[in-house]
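After this come two complexes, each holding chain A, first together with chain B and then together with chain C.
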Partner chain A sequence: MLKKYLAIYRYMFIRSLQFRTELAIYVVLDVLPFFVLLFMWQAAFAGKDVINGFTLPQITQYYFLVMFIERVTSSYFENWRSTEIREGKIDYFLTRPFSYINEILSKDLGGKVVSLLISIPGLLAAMVLMSLIIPVEPLTITAIHATVFAGFLILGYFMQFCIALWIVLLTFWFEGSAGLEHFKWISVTLFSGAMIPIEFTPEWLQKIYAVLPLKYIFAVPINYIQGNILLTPRLGLEVFFSFLLMVGITKILWSKAVYRYSSAGG
Partner chain B sequence: MTDTPLISVKNLSKHFKVYKKQPGLWGSIKSLWHREYETVKAVDGISFDIHEGEIVGFIGMNGAGKTTTLKMLSGLLYPTTGTPSVLGYNPWERKAAFQKQFALVMGQKNQLWWDLPAIETFHLNKAIYEIPDEQFEKTLNKLVKLLDVEDIIQIQVRKLSLGQRMKCELIAALLHNPKVLFLDEPTIGLDVVMQKTLRDFIKAYNKEFGATIILTSHYMDDVKELCERAIIIDHGKKIFDGKLQDIIDKYARNKILSLVFSKSVTKKDLAAFGTVKEFSEDGTHYTATLLVARKEAATTASKVLSKLPVVDVTIEEPPIEAIIREVFSKEKAKK
Partner chain C sequence: MRMMEYRTDFVFWLVVSLMWTGFNYFFISLIFGKSTNVYGWSYDELLIVLSLFTMIDALTWSVFYNNMIEYTNAVFNGELSKHLLRPVNTIFVLTTQKISYNNVPRFIIGLIVLVSTAIKLDVSVSLFDLLLVTLLFICGMVFIYSGWFILATLSLWVEKLQNINDIMPGFRQVYQVPRQVYTGITAFTFTFIFPIALITSLPGEVITGKNPPLSLILYFIGATTGMALLAKAFFAYSIRKYSSVGG
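Moving on to the complex of A and B:
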């Protein structure tokens, strides 16, 4: 069984190698808004040392971590996958002993590995350059911290994957996915801590933040590696069950969605 | 042959709800708050049984419901009514054990990886179906030789011609030696020679593996050469199920003789040989089509050749539309 999947991942990997140049452009586009954001923070800190308990170097460090996590965990396949479904192009997977969700996951993972190999060195270089202009709080990490953080990254990837998949699956009911995609983007950035440290947001937003599991993608891992919080068994369980819940929702959504597949064309 | 059918379908239907878009800007704006839906009965209460080793031809005009039926038998579409049974499975459950024993090939829908050579899809299928190395090599070699595609399978699929692509589609679908094969218009858009190649290949596959095959087509020739039994579908309903020869004997008693002449001939000259269906002359081109009795088609053709200034002659099957019209009117009259 494992052999089957390894062989399939290998083919997905070959396929994803075809999009190298596109990737390089995306890296630049991804990082640019963050740098603009940092300059705005620098302006906000003019004449002040501390805002809401954060210093400018701490803020910079926060965003560097956000950038890094964003690169590792995010998935952007909603658009073309939705189109693929609407155009009836997933017959191949529905008639063969290999699930469509597995196809999405394996291709995305293949693409992810390639994109990380290319973009992480570039991202690090950009950060070093940036640190010459804006001060950054240095980060001291132990091996345990690094390992747990890596675990958070992997989990974060799967959570983002689930959310992107929901958008795709919702196209079985709705005609377009563009609106849903924006909705996803806004909720994930707002309620995960990716846009701004949660301490800066209004109380109502913090309440939603506390309920939703999106914080486990950005804010919680960042706070953990910064040494602000500990990985308690309670936290571990919370993360784990949130993840299970998301997987469960995905499964239910999928089993309902296939009834609506119309296999257009032919 | 066993008594229990391999494929069994009872009262199978698929209704699609389609939303009727009004044309123009105003129509689009109106559709924001009010939409009219219409129900299309693509398949409307079809029943049939198919036994092991049979090749059954599904014939019907465009939009009759052939593809939709095959999609339900493949588990792609959820039936509105009826639960088909294929190899003892309900296709909708998409059990791996079922999927490993059947294949669906659609002439109008590409299932190969567009950007990669076909050989990559073959290898992917090998992994997906968990085909053992030895069996894979053996089957692939045989199929590649039979269809003569050694040079093609290394080329990106999107650069292939339709016929070359179809050959690769068939190979991809047969690597796991399916027991049941659904072929949806496999010869559509192909030239006569390629159609013949594929037909011969399908026949050989059925012989060698005893595979059960449903083939849809709107070419009479396809069905005539491959299938003993035919099911005719019209507007989602089955209007005939039986020996193909019966249809031909009963409803397609004629063949069509297309003639091109070097000089003007009169309609009366032609009427001596059969029913004149079309007749045209414009001073330089003289053409006609004749309906002649099936059994006498060849002799009539040679008679015409010897008596009239013929430059070209072809003998064709009547178009499927004509046969269906015949069947439809006669079967209805019976009731």
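Moving on to the complex of A and C:
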């Protein structure tokens, strides 16, 4: 059962190696906005030691963690997958014992592993260089913290995968996906804690943030590894049920979407 | 007409474009909203720079992005010949094929915030200042265009770089804030080596009466001219490497 998807994973792993230069460029492009952002914070902290309980080195640490989580958990397959659906090229997966969703996951995982192998060293090097310019609070973590954090990263990846998949599946109704893709970026950035520590946001945003599960991608893991929160059974259950909910929505969307699909020719 | 092919997506693009604009203003307000002075800039003055950024960014995405994509795709697919054979300037044809209108509301919002903030700040802008701001704004556009075109022309030298058109937009955050925000080697890099921080900062300084040094204004105009000439020369040199496919 798993063997066929493993073959896809291996294929994508090898194929992704062709795009090494692109990956290196993406690392630089991912880091640059944060680099500018840290200068903005440095300017905001001019003449102040603490803003909303944060010092500048703590803010830098926060964004370093955001950068790391973003690189590990993000999924960007919406554009070409939506085109694939729009052009009626997924017949293959509907007529054979082959799950389209699992195929997307296998390929994305294959590409992700190569992407991480190439980009994480680059990202760490960029962080070291940035820390020479802007002060950063050192992070001390235990093995348990690191393990739980790794668990959060895996969960974050699957959550981001689900959201990206929703965009792809909505193509069955909306035809194009580019606008939806940006809508996803804004929503995730705004409601996950990736944009700014939640303490800096207004009350209305904090209320939305509290309800949505997006916080488990960035804000909760960061707060956990910084030692601001503990992994309680309640938190564990909340995370688990949020994930189940996202998987459930994906399954419902797929089951509805597949009936809307039509293609012509061979 | 092409954009109306996927109407829902077009409407979504409009909404998203407005959301990005709101997002940028909101984000700046979260960071600087409580600051009274950021390296000599008040929060309202920062809004002037952000509005100039919004307007330039809207034009960038409307005019440059699709055309640069078409250009690099034509190179990678070997279809550049049809443009080279036309009896008009190839660079002009390559960069005016497609214009998108879904960022127009962004431009208008940027302009409205710019004007309303200028009125709120009670800034007095002379005709000369207005002309200078317009000139610097155009220079900013030309600078981005030239830099982007040079990068897109690199597609004639490399096998296939999918994200070659993401590099120049990747630098856009740099000119979202005034040049004074950057310090040390970064300030030197973004002011003199690759003067991208001047794109919105200089016109912003003129509007807010901060009187930017004349030498810096002349330097930016010179750098933009140099960049445009370099883009043209690089294209003329690189096109020799191009080989088409089929007929």
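The definition used in the following text is that the second predicted complex is superposed on the first by the 257 of 266 C-alpha atoms of A that agree within 3 Å, B and C clash if a C-alpha of one lies under 4 Å from a C-alpha of the other, contacts with A are read in each partner's own complex, and residues count from 1 in each chain.
Note that a residue touches a chain if its C-beta (ideal position, glycine included) is under 8 Å from a C-beta of that chain, and two chains touch if they have at least 3 such contacts.
Remember, predicted model here, so these are calculated numbers, not experimental data.
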First, second, both or neither for A:L94, with chain B first and chain C second: first
Which superposed partner A:L37 touches (first chain B, second chain C, both, neither): second
Chain B versus chain C as contact partner of A:K4, first or second or both or neither: first
Which superposed partner A:L190 touches (first chain B, second chain C, both, neither): second
First, second, both or neither for A:Y261, with chain B first and chain C second: first
Comparing the two partners chain B and chain C, which touches a greater set of residues in chain A: C
Which superposed partner A:G179 touches (first chain B, second chain C, both, neither): second
Residues of chain A that lie at the interface with chain B and also at the interface with chain C: none
Touching residues on chain A, where the partner in the complex is chain C: 19, 21-22, 25-26, 28-29, 32-33, 35-37, 39-44, 46, 51, 133, 174-180, 182-183, 186, 189-190, 195-196, 200-201
Chain A contact footprint on chain B (complex, rising order): 16, 67, 71, 74-78, 94, 96, 99-100, 102-104, 106, 108-109, 111, 113, 115-116, 120, 123-130, 184
Parts of chain C lying in touch with chain A, wherever the complex brings them together: 6, 8-13, 15-16, 19-20, 23, 27, 30-32, 34-35, 38-39, 158, 161-164, 166-167, 170-171, 173-174, 176-177, 180-186
Complex interface listing, chain A residues touching chain B: 4, 7-8, 11, 14-15, 18, 88, 91-92, 94-98, 258-259, 261-263, 265-266
